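Next, two complexes with subunit A in common: one pairs it with subunit B, the other with subunit C.
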Partner chain A sequence: MTREEIIEKVKGTLAEEFEVDESVIQPEAVIYETLQLDSLSLVDLVAVVQYTFKVKIPAEELPTIKTFAQLYDYIESHVA
Partner chain B sequence: MNRVVITGMGIWSCLGQTLDEVRDSLYTGRSGIVLSAERKEAGFRSGLCANVPKPDLKKLIPRNLRMFMPEEAQYAYMATLQALDHAKIDQDFLDAHEVGIIYGNDSVAEATMAALDKFREFRDTAACGSGAIFQSMNSTVTMNLACLFRLRGINLTASAACASSSLAIGNAYLLIKNGLQDCIICGGAQEANMYSVASFDGIQAFSLREDNPTQASRPFDRDRDGLVPGGGAATVILESYDHAVKRGATILGEIVSWGFSGNGDHISTPNVAGPTRSLELALKNGGILPQQIGYVNAHATSTKAGDGREALAIAQTFGDYRVPVTSTKSQTGHEMWMAGASELIYSMLMMKNGFIAGNTGFENPDEETAKVNVVPETREAHFDMFLSNSFGFGGTNSTLIVKNI
Partner chain C sequence: MDNIQALIPQRPPIIMVDELTEADEEQALCQLTVREDNFFLQSDGTMAETGIIEHIAQSASAYAGHKALQGGAKVPPVGYIGEIKNFHLYQLPKVGDQLQTTIVMGPEAQGVTLLHGETLRNGKELVAKTQMKIFIAQE
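Coming up: the complex of A and B.
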């Protein structure tokens, strides 16, 4: 899967799941603010990434993923 | 002791999603039952079910709160919005007063299944998602609604099979009567998805009259062959009489008595003695004579054993008085956890609008059901007091009596 494909898929999936416009999902945007995540809905981000890419983001890695660009990096480096 | 009155009603049912729609469906005998191709394809013995539309809550509740709500909580939210509006209770009132909630619910099958499917597929508990724990507890309706409406009174789910919401209303009646609460949101919710009733279909409890869905649920009829599963939610607002008068509410009816009993017998096959005690206790507790009851909304679900035994219990309780009896399940199917509350509303709509909705599909009685006066077609009728039965698996029985105001 290319980075472009990952980006497109993340945008489409997260926009639908968190009910935001795809246009707000920009590389340097902060995920938590953009998707209005709280401590509970953060679990849904992990779950959706897992369903979509078969990539598990461990709890200890989560604090290092702040922006969408960092999320793309993580998925790109772990996707099969 | 306080008098306990009804000041608001709301419903999300296969007969309609407003009180006016439901009233018209009852009056005209419109059935809410359909044949589901999805259920047949999935392996159901009977594909008959109620046609309950899904509400769209996107514009009403933010995503992060909606994630906690399974289907039954969504139905209950819609019914409760209506009931509060009907009772002229707004959020400011709820914020300023101690209002409680007691709701009947006895399954969370689809939510539980969906979450555990994800857990097993990914071998990871986080895959269940954030809403799963809140969606898959039996008290999901009361936990969601209590938070959404910021309720600070009693917060309780009643789980008692198909008597759940009748017992919810009965318990709320007792709390208000005894002065422990002034106002309680009551009701019942029933998930309408196929997963909630797959195992019920598995014990061959459902009607196989698939060639005629609208006549499949035919309580008391000689040729009944099983129930049809339904769903949705129904909410009634109960208050003490003084509380209702003080805030200038329109009083619709008064809960004048409640009776209940246990069969102490078989888990699924009812007996006559248990329901009879529930009926007799309701009359006795309210000091009510059988002749004062103008209409009985029966529990009758369209099963051989259940309808016959309820008919005998009614006949034994009412003696020579041939009280008019119908089961609205002839139009709605069996709304199970919701039925006690929804059937109270159906009966209220009849009482307030001067008619008795016909027991559709009733063509011939059998030996037992001939002992009661089943009304087969809608007729104009004035009555000022009705009795509503709800019975459930495990032999739990509940009977409410409501007077017109």
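Coming up: the complex of A and C.
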């Protein structure tokens, strides 16, 4: 899977799950602000990544992923 | 397997799991027979929708309790339902029915776990399925 394919898939699935316009999902945008995540909805982000890409994000690595670009990096480096 | 009251914090009359029958690292199976004294029984002899949700939640609680005790805890953890997602109800169980619920633990983030629960009636008919977010309080 190419980075472009990852980006397109992330945008589509997150926009649908969190009911935001795909255009707000920009590489340097902060995920938590853009998707208005809270302590309950954060697990939805992890679930989307796990179920869509079969990539698990361990709890200790979650704080290191702040922007969408960092999320793309993480998926790209862990996807099979 | 373990005594159910050793696995969950709930006590009569609101115990909605009889037994945790199977458990491995990712999923568990619990069962409940709907009896005449069930707390969620309605006047028409069916169990209320809220009772099914409680049964699934307590099945998840029993699974968490089983894992905690296996990990060395002395008492089961207290869990809270944070959210119920995509709840689908197909039928209401009746007195005498045996419910079997499979709990599959999903991703976890900051103490919140997303799980899937699916309940069958008498081993074959789908009763309900749902996702739940649960928060397990740490000791």
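Throughout what follows, the second predicted complex is superposed on the first by the 80 of 80 C-alpha atoms of A that agree within 3 Å, B and C clash if a C-alpha of one lies under 4 Å from a C-alpha of the other, contacts with A are read in each partner's own complex, and residues count from 1 in each chain.
Everything below uses one rule, namely that contacts are C-beta pairs under 8 Å (C-beta built on N, C-alpha and C of every residue); 3 or more make two chains touch, one makes a residue touch a chain.
Remember, predicted model here, so these are calculated numbers, not experimental data.
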item: Subunit B versus subunit C as contact partner of A:18, first or second or both or neither; value: first
item: First (subunit B), second (subunit C), both or neither touched by A:36; value: first
item: First, second, both or neither for A:62, with subunit B first and subunit C second; value: second
item: Partner chain(s) touched by A:46 [first = subunit B, second = subunit C, both, neither]; value: both
item: On subunit A, positions contacted by subunit B and by subunit C; value: 40, 42-44, 46-47, 50, 56
item: Sites on subunit C touched by subunit A in the complex; value: 82-83, 106-114, 133
item: Parts of subunit B lying in touch with subunit A, wherever the complex brings them together; value: 58, 63-64, 67, 118, 122, 124, 126-131
item: Subunit A - residues contacting subunit C, complex; value: 39-40, 42-47, 50, 56-57, 59, 62
item: Touching residues (chain side subunit A, partner subunit B) in the complex; value: 18-19, 36, 38, 40-44, 46-47, 50-51, 56
